[in-house]
Structure formats: structure tokens, C-alpha cells
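Naming follows writing order (A, B and C), and every chain is counted from residue 1.
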Amino acid sequence: MRILPKHTQRAAIAALGGATLLTLSLLVFIIVFVLEKGLPVLSLRFLFTNPQDMGRAGGIFPTLVGSVVLPLLAVAIATPLGVGTAVYLTEYTRESRLTRVIRFGTDCLAGIPSIIFGLFGFIFFVTTLRMGWSIISGGLTLAFMILPTIIRTTEEAVRAVPRAYREVSYSLGATRWQTVRRVILPNALPGIVTGVMLGVGRSIGETAAVIFTAGSSLRLPSSVFDSTRTMAVHFYILAREGISTENAYGTAAALVIAVLSVNLIAYWLMNRVMARRS
Amino acid sequence: MKLFGEKGVERLLTGIAFSAISALLLIALFIFSEGLPFIMRYGLRGFLFSSEWQPQAGQFGIFPMIVATLWVTLGAIAIGAPLGVAGAVFLTEFMPRPVMRAVKPTIELLAGIPSVVYGFIGVMVLAPLIRSTFGGPGLSLLAASIILGVMILPTVISISIDAIMAVPQSYREGSLALGATTWQTVRMVTVPAARSGIIASIILAMGRAVGETMAVIMVAGNAVKLPGSALDSVRTLTANIALEMGYATGTHRQALFATGVVLFVVVMALNSIAGLAIRQKAGRR
Amino acid sequence: MNPKIDIQGLTVSHDGQPLLRNVDLAVPEHRILGIIGPSGSGKTTFLRTLNRMNDLEPGFHAEGRVLLDGQDIHHPSFDAVALRRRVGMVFALPVALPMSIYDNVVYGPRQSGDRRGRFDEIVERSLKAAFLWDEVKDRLSLSGLRLSGGQQQRLCLARTLALEPDVILLDEPCSGLDPISTAKIEEALTLLKQRYTIILVTNNTKQAARVADETAFFLMGELVETGPTGKLFTVPADKRTNDYITGRFG
């Protein structure tokens, strides 16, 4: 008996649709689960008081500070490098062996697992350069990690600036750098900010690269040479060592909200860029 | 205001442009210089193919971790790839475009959920479920595969959607005009045409699964032994590094860096293959 | 009288394909030189050679000499950026930069390090010369993108005038404009030639006939004929010129 195409079509839609539904519900479940368990614990008091007894009681204030300071430092280091690289690739040179090598290197860097970044940061910044477990070691390691993201998004944003703007600027006697500074970078800004926000999001959620470079001190840091603990690391330690499930949920909720809102801003900006382009 | 001048700026930017590649080389240099001497001394064969990992006794065989990583990754792909590709096909070919355009960024947004959160859910929800359904410790190869399978979904879906969207509309129209159903068109025309992009998405996802650390540590159980079944506790290469790095010294630490070398090489190979697949597609068009 | 720009044996190619062949042309000072010819005849390439805009694209190669006030603009010691400040350009499509009208006009002077104190005066003088001042004088902080196409093109002209160049190149500046805007730009050009040397590329032969003092006819990368506009349009020396201006092709 021959099965009618109409029927295979219906079966295929059911199977594919079912798979899609399963995928989406799995992903949504994760967020809902964390928020449902964590939001009752989460409060301003929880965010802004110091932990007691290794986090068994009290809040997460020092880790909140860590999760703000480390990503900011990482972005402060990676943004000039990433934007500079992207501008060089798009405005200062033509496609060549050199640009291909640089792009290949960027792709490779993007693919390195975070535990390798952690190993590297530990042996290079912490040990060889004697920076110790510190905010500066962690920030530099994270900067290496998010550099490819910033390069790629900036490159896309710079390429999206209309060619006519460049022509006009050059025809009015502007130099290359003047054109970049006055016309290209201002117009590419939303795209650049998108890349930076994605980098911040990734830094906030990162654990493996941070725990071996910034350490896990629960004390409030007083300089960049102090060790710090981020929310992600704190959450990991609470959960893994079974210190407090309740506080782990609360920290997880704070972590997820922070990462999702940062990424949401990034996508919102990217959509604005796309909308303006068309 | 003229801090650099035109030439100076150009020189500065040329220098900066090498930052990413320098970072990559620096990372490779330090990981290899810590790990390679150990491999030379201990012997590649003994390191890769011995099952004895007893740092106190000076025995460093990572064969169980290699096997565990392989199985966990294959398991993750077996779960994540069909689901992800099915989702990508359904969203692009059977859903109105606005729906796809709304769902895709949502899925990409979910890629940002920290891996520790996935791991925690694995511990709190999945492991008990496996324990009560199949028996065993719960924290197992199966649990790690499922969690990783879910974690790689956004990667597979997002890149597969891009690949399918890149198939010219005229291909589909040609098939539909010959009386094929949408499903026949998808199976015979669209998916084959997007093949290399879909494969690239799966290989990239493999790279991610091999390199994932925190989620795996939390759900895999971390016992150093060759797994006998999917319900056994296993330890992956990444978990091996992260678990012992905190206290390892001397030869032990070098052995962990050597594990990092193996990981580095495997991930680089996977990413290069994926990159090649994507570039090949771009070149053909 | 010495020509403002003297072009001798100019050949331009792109990736080995010749776009212009052996062009000899003298551009007189304080005149409007009209350049006519069908599309693809090398008019725009010619224009973009004169301020070295072609340098910005890979693959272009120029031979021969282009003398501006007797100096070869392709000589290694000749700075392209300085050249573009002396030889301004208005493009076919009006492109206002995404900034205020005021900032659009002072874009050039700001880059060349002009004194800020002069900017108000430059803006007023340039916009007046481009016949745009009355329409925008009360809203100079408005984004240039908010102006109509005709207004944007006059803004582009004003922006070029703000550089106080010697030469102004116009590449089909009226191709997308309505008749009224076109008339305003043509009126502005006839006044501007007292102070500037103007080269006007146009697809519209009637426009050349109306405003140009001299006219050159390009065909398939060659300069076919050049001469006083009146003469070229009434008694052309070359049959091809006659065919083109009487509308047999193009």
C-alpha cells in the first residue's frame, strides 16, 4: 500500500512541531523553574547584605560587587582592542592573507572552552605575572574571552554604515581617521554597544574562567589586586558544596535576571540597527 | 588634540589588530609549555591510553576521561542535533516568517543562561528523575548528555536556521511547482541544499559540548572509571581539570595542563572543520 | 590663459579593463565645463580621477598627467586629502550625513582645523550661495536627513562650498530632482562660476546647453569632442556628437 504524500506531510508536521514545542518548553522551563524557586528568596535585602557563615545565611552583596566589577573591567580592556581590530579590518586594509589570518585567529579564540581560559589565566596572569587571584587577573582573562564577540559585532556594525557616508567624508577632505571618528564610529555605535553587552552577559555568567583567576574570596574587594567572588561562582559553590539550597536558588535567580536583561538590551539594540538599515 | 597624527593612528590600529591572534598564540604557548613537557616525560601512549588516574601514586592515565567525554558528547549530539534541526526546519519552513523572527532571538537569548544554572537544574530535577526511573546514582553519563543536549540546542537551531534561510527561494518554488508537498520539498530540496551549514552547526555544538565544564561537573558524577552503562558516573576531560586544579601542584598540575592540551587540540580540530564547512558553502555561492 | 586643470594623455583602467583612453582636456578657470555622454562612457570615472576618489577603491590605475595649477596631482608628494579640499565634489545621490544641517556644512572646515569662530559665518555664506539659507536658517540644528531630496542636494553643494575649494565637481547633481530644485541648483552654479571652476557631468544634454560655457562629449571611454557649448551644440565637428545631441542614441 502506498502512503499518500498528504499523510507523510501531516506526520512530518506533527513530528517537527512536536520537537520544536519540546525544545521551547525545555528552555522556558529552565527559566521559569529558577525564577519560581529563587524569586521568593530574592529581595533588596538579599542583594545588599553580606553573607554569613560562608553563605548559609545573609545576602550576596560582595558577589554582586564582583559580578559588576569583573565584567566592567573585562569590557574596558576588550572594547578598545576589539573595536580597533574591527576598524582596522574594515577601513584600513583590504582583504588579504593577513586579514584572513586575523579572522581565523578570532574564530579560533571564540571556540576555546572557558576552562582553557581559566587554565591560561591561572598560569599566565596569576602565576607568571604574579598578579595572584585578583580582579585584575580575572578581568584580563575575561577580556581575552569576549574579545572575539566584540570584534565580530563591531565589524558587522561598521560594514553596515552606508558607503556613501564614507565617500562624502573623504570628498570633503577628511582623512581616514577623521572619517572613522566622525562618521563611521558614531553610526556603528549601537552595534558596538550590542557586542559589548553580549560580552558583559557572558562575563556575568562565566564560572570556569573566573574561579581560577579571580579566586573566590567573599570579602569586599578594596582594590583590583584583591580576590573576588562573582554571583556565578558563589552560586556554584553554594550548590556544589550543598551549603544552602535556598540561597543558591536566590543567587541563581539574580544571576539569570542579570544575564537575560543584559542580553535583552543587546538584542534590542541590534534590532534597532537592523531596522534602520532596511 | 593631534595626539598621534594620521600615520600614528594607523600604526596603533595595525598593532591592535593583532590582539586576538596574539591572545590565541599566548594561550596556546602557555598551555602547551606547561603540558607538553609532561606528556613527553610520561609518554603519550601511557597518558592517553592508561586507565589509572592516581595523582598521589604518580599515575596519570586519562583514558576514562577521553571515553567519557566522547560518550557524553555523542549523547548530547544524539539528543540536541535532531531536536535542534527539527526545530530549525519547522520554524523556517512550516511557520510564518514573523513567528520565526520572534522565536529565533528568544532561543539565542536562552543561549546566554549560565552553564552553572543548567548544571543546577540537572542536579535538582533531572538526576532525581533518572534515579527514580532507571535506578543508579542519577548523576550519570545520561544526565550529562541530556543537559548538554539541551545546552547546545540554541547553537544548532540558530546556525541551522541561517543555513536554511540562505537556500534560494527559487529552489523551493521549483519543487513546489512540480507538485511536491512542503515536506517533500524540505526533505528533497531545502535540507540537502542547506546541508553543509547544518553540519557546521552540529560540529560547532560538538565543540561546545566537549569544552563545557561547570554543568558537566555538577551532573556527571565525576567517578574516574570506564563507563559500563549510560547510568554510570563519569568524569570528562574538562571536569578532571576543574575538579583538581584548585589543589594540584607539581607534576599533578602539569598533568592537568596536559589534559588541557588534549582538550585544546580536540576543540580546535572540531572548530576548524566547522569553519571549513561554513566557508566552503560561502565559496560555492 | 593658463588652464585651471590640464589633463594630458589620461588613461584609467580598473582591474586591467580600460575605462578612459588617452584623454587630453584643458579646463579653463572660472567657467562651467559640461561633460555629456551616454551612461558607461567614463564621465564619472573621469570626474573621480580629478579628486582621486578612485584611489579609495581597489583596482583602479591611472596613467598620464593631471595638472592642477601646473602641479601633477598623482605625484607622490601630492597629498590626496589636501587635493580633495581644493577640488570639492557633489554626488549624484544627495547624501546628507546623519547629523545636523549646521554640522553637515562645517564638516569639511572642522576636519581641516579651521577656527571655530568662523563657523557661523561659513554656514551662512555657504547656505546662501547654495540658495538654501532662507529655507533652513531657523532650523540649523535639524538633522540633515529630514530635508527633502532637492534641499539635501543643495545642502551637499553648500557643504562643498564651505571648504572654499578652487574647483567643484558635480556628478549628475540633478538626476533625481524635480524641475524647481534643478532650476535652483543651475542658478546657483551660474553665480558660483565667478569664484570657482566648475565641472558638471550630466546625462541631460539640455542642462549642459543651458549652463555650461564649454562642453566635452565622452563616448566609450574616449573624449570625442570639446569646445564652446554654443558651437558644440550647433555645428559639432564629429558625426557621433551630432548623433548624440540630436537623440539618435544614448
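Keep this in mind: a contact is a pair of C-beta atoms (placed from the backbone, for glycine too) under 8 Å apart; a residue touches a chain by one contact, two chains touch by 3 or more.
Small disclaimer: the values here were computed from a predicted structure and weren't measured.
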Set of chains adjacent to chain A and to chain C: none
By mean Cα position, the chain sitting nearest the middle: A
Distance from the mean Cα position of chain C to that of chain A, given in whole angstrom: 48
Chain B-chain C separation of Cα centroids, rounded to whole Å: 56
Distance from the mean Cα position of chain B to that of chain A, given in whole angstrom: 17
Of all residues in chain A, the ones touching two or more other chains: 175
Residues of chain B defined as touching chain A within the complex: 6, 9-10, 12-14, 16-21, 23-27, 30-31, 34, 82-84, 86-87, 89-91, 94, 103, 105, 107-110, 112-121, 123-125, 150, 153-154, 157, 180-184, 186-187, 204, 207, 210-214, 217-218, 238, 241-242, 245-246, 256-257, 260, 263-264, 267-268, 270-272, 275
Residue ranges of chain A in contact with chain B within the complex: 5-6, 8-9, 12-13, 15-17, 19-20, 22-24, 26-27, 30-31, 33-34, 80-82, 84-85, 87-89, 92, 101-102, 104-109, 111-120, 122-124, 128, 144, 147-148, 151, 175-177, 198, 201-202, 204-208, 211-212, 232, 235-236, 239-240, 245, 248, 252, 255-256, 259-260, 262-264, 267, 271
Interface residues, chain C side, partner chain A - complex: 51, 53, 56, 58, 81-82, 84-85, 88-89, 91, 93, 95, 97-98, 107-108, 110-112, 156, 159-160, 163
Footprint of chain C on chain A - complex, ascending: 94, 162, 164-175, 178, 182-183, 186-187
